[in-house]
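Each chain carries a letter (A, B and C) given by its place in the written order, and its residues are counted from 1.
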Amino acid sequence: MEALLPYIINGVSAGGQYALIAIGYTLVYGILRLINFAHGDVFMVAGLVMVYTTSSMPLYVSIPIVLICTVVLGFAIERVAYKPLRSAPRMSLMISAIGVSYLIQNLAFYITGGLPKPVLNPIPWVSETITILGATTKRVTLVTPVLTILLVFVLVYFIKNTKIGMGMRAASRDFETARLMGVKINTVISFTFIVGSFLAAVGSILYFTNYPSVAITSGSLPGLRAFIAAVFGGIGSIPGAVVGAFIIGLCEEMIKGLGYSTFSDAFTFALLIIVLCVKPTGLFGEKVTDKV
Amino acid sequence: MINKYSVRKESIVGIALLLILLAVMTVIDFFLPSYHIAVMVIKKASVYALVAVSMNLLNGFTGLFSLGQAGFMLLGAYTYAIFSIPVAKRAGVYQYFDGGWIQFSIPEFFSEFLGETIGLNMGIILTLILGGLVAAFFAYLIGLPVLRLKSDYLAIATLGFAEILRAFFQWPNLGPLTNGSNLLKSYPDFKSATGYVVLIGIFIAMIVLLVNSTYGRAFKAIRDDEIAAEAMGINLAKHKRLAFIISSFFAGIGGGMLAMYMGTLQALSFKSTMTYEILLVVVMGGIGSITGSVITSFMYIASMEWLLRGLDSGTFLGIHAPGVFKNGFRMAVVSLIIMVVVLFFSKGIMGDREFSVKGIVKFFDRLFGKKTPKNAGGDGNV
Amino acid sequence: MSENPILRLENVTMQFGGVVAVNNLSLQVNPGEIVALIGPNGAGKTTAFNCITGVYQPTNGIVEFEGKPIVVAHPEGKMKKIYAGENAALYADRHSVNPTPDTITKLGIARTFQNIRLWKSMTVFENVLTAKHMLAKQNVFSATLRLARAEDRQMAEETEALLAEQDLLKYRDDLATSLPYGLQRRLEIARALATKPKLLLLDEPAAGMNPQETQELGEFVVQIKEKYGLSILLIEHHMDFVMNFSDRIYAIDFGKLICDGTPDVVSNDQRVIDAYLGVSEDE
């Protein structure tokens, strides 16, 4: 137990970061029925912007810039790559998402020159090393889960109590009817991407504070894990995504702790496949049936 | 009567085209050194063509959106490498694992019996097919749970399986078989690009025949309307499994040939990015068009490996601009083109049409054959 | 009624969540009969079809084809608690049989769809030819290597014969979805016939047709019934069609059978008239 403790702490922290990404997946999937393959890359871009800005600007400028850039990117992706395909088959939408992911990675490669960018000026205070219960870690590990839960509560409150939140709920229940009932569907979708990207940016700042560098592929794996967390929790459900993310973060770190690092991702995917086959609606999801 | 005549004409033109292709290939092999960029492009592009067509069979013709291609290629590639490295070189390749578990080589075994040329090539082909069979077997197992899933869930589950497979092949405990995360190398290769083109041509021809058979029509029926297909007596589970297995079989062979082309093999190269790349080639060629996939594979590889090289190295089309044309610009441009195709030309270059000998014959008939009084004089001038 | 019906439904109930779409429906189709299933919109007619053809697993009841049970069901799992239909215990000790639609088609039941479901990327010819796939004996290897040429030729000839019979041969190489609506319906019938069924289920075959087309369709249905020795169960809203061409009628409302018998009996039944026209409260 003593030996596993650092892994448990890391697991909770990773879970919080995955949760922030997973919400983006789950919100978008809930409305567009699209696995936004580019979401992990948005996360990566946030990391890159952070590396570039923190090295030249004070914190109170750089952090807002990271958040704004990421939100603009998420918004632009939806407008350019998904909106024109609103009436196209779902497969085209998914292909477009894969294309965007490919494009972002290649553009990032071109801009960064292909080498991982070291995180030289991590955010002070949160990146300081502390010791809890005999385990050494950075302060961010403790901040992450707290901040995650806080943001989730704000989001849930927002979705429950505002007009646009109601639009989001209506669109995820029945896209066409919501549109017919006068929900401004394009605004709602854009807003969904903005919220998702914002949370991914926060997740990214926390995530890369704990890592030595940002590479162009840094987004794919956390992205996939977060997506799996969203499926595990029941796609479309925010609490589901958060619970799923914490479970996956914990499991992964525990497996590393037991000395099977090679299989930590394989385990996550195995979990995904088992969930899909046994209970495709996940922990909190709802069943959808097709009409013949 | 007209029908019979045109069928005969078509087969004559078809055979003529094949012969021309073979002649060109022989000339290329004879005059160009094997490291020449044209030879490399032909080899790699034909491998991509096979893999893209196999993916098209599944995603385009059966409507199953699978992203497991890289995983099945990995299986084929490793099977090929593991069973074809010459025994004498195994100690060197598997230096951290005492020469590995397997101490025979199929191509070597055949070349002992049938001589260097025939035996070796036959051994290579059989080992490649073995790789395809291994991939097909895994496809059967993986298909049992995942083929019941719908579109995007199927995509993510197959992607997951490919990642799991990759993790297993890097596992140190399987090192004596897979060499862990170290390179596999020293396995035999065809001496010429013709070998690649002929073999892959045969495989693609088989896929074309399958697509146009009654099974191919059943696959298309499932793609167009699953419920109607089922109501017309087409067993969904059986036919989806069949398409998945056949597609994986050819992906496995393609993987083996990619390993052959690359010369060294590492599980790390078979990431999901490879699947995405192939998927985008399929999309650009037209989902549901085999000739589209083939043509795009050649265009894509030729531009990536050859024509657009300048974009990465400073000078492109005579313009010298090292500030812009630096490492990564080529990929950025290519992915931008891909996005434009996906968004504005979603049918790809061929849609779901095919480029056929019949079409060529018709085209030339219109150009020369069907002389109307008007353009008869024009012909005389030529 | 006949002792040996070709199709027999016994107490079939289909419940979705709390909604009972088909409630304890029993009916039978005798060999050589044309039987109509009528009822207002949402009465559960198409759901009944889906229970027969294996698209849905009914919640309770038995479907028999040629005397053999092809679907057997009783409430299971969560449904045990919320089941709102009748005869819950009747089949509880029977082993449930839940075939996929293709197995039912292979037994000899073919269907058409209310909202036409032709394969949209295929030509008229290919649509019918593909329906012959389930009868083909070739396996995937002999099909790929073209070893079963005789069978391929036979399938193509039978397909052309079916198209000729429907007057569709001139559209042979057109895309199925490019045909006018009425012809698409006929093509769907041709496609169903390609599976060589014994029982044909037609879901609103005359929908969207004018009276003359409806009359022609009715004559055509009788004609193919005679020619192929079929029995036919159909859903239809055109009352003249139903009255002129069916031997017997089952009328359902809210999933329940309200009346059955010959066209004369059903058309004069007060319950049927009420179901269609609605009953005002004070009567």
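Annotations
Simple rule for what comes next: a residue touches a chain if its C-beta (ideal position, glycine included) is under 8 Å from a C-beta of that chain, and two chains touch if they have at least 3 such contacts.
Remember, predicted model here, so these are calculated numbers, not experimental data.
Closest chain to the protein centre (all Cα atoms averaged), using per-chain Cα means: B. In this assembly, A is the chain whose CA centroid lies farthest from the centroid of chain C. Centre-to-centre, using mean CA coordinates, chain B is 44 Å away from chain C. If you average the CA atoms of chain A and of chain C, the two centres end up 48 Å from each other. Chain A and chain B have Cα centroids separated by 34 Å. Residue positions 292 of chain A are each in touch with at least two other chains. Residue numbers of chain C whose C-beta contacts span two or more other chains: 55, 113. Counting partner chains per residue, chain B shows two or more touched chains at residues 227. Residues of chain A that touch chain B in their complex: 33-35, 80-81, 84-85, 88, 90-92, 94-96, 98-103, 105-107, 109-111, 113-114, 217, 220, 224, 227-228, 231, 262-263, 265-266, 269-270, 272-273, 276-277, 280, 292. Within the complex formed with chain A, the residues of chain B that make contact are 59, 65, 145-146, 148-149, 151-153, 155-157, 159-161, 163-164, 167-168, 170-172, 227, 272-273, 276-277, 279-280, 283, 287, 326-329, 331-332, 334-336, 338-339, 342-343, 346.
Listing the residues of chain C that touch chain B in their complex gives 53, 55, 100-103, 105-106, 110-111, 113, 117-122, 126, 129-136, 138, 140, 143-146, 152, 155, 191-192, 194-195. Note for the complex: chain B touches chain C at residues 206, 209-210, 213-215, 217-218, 220-221, 223-225, 227-237, 242, 246, 288, 352.
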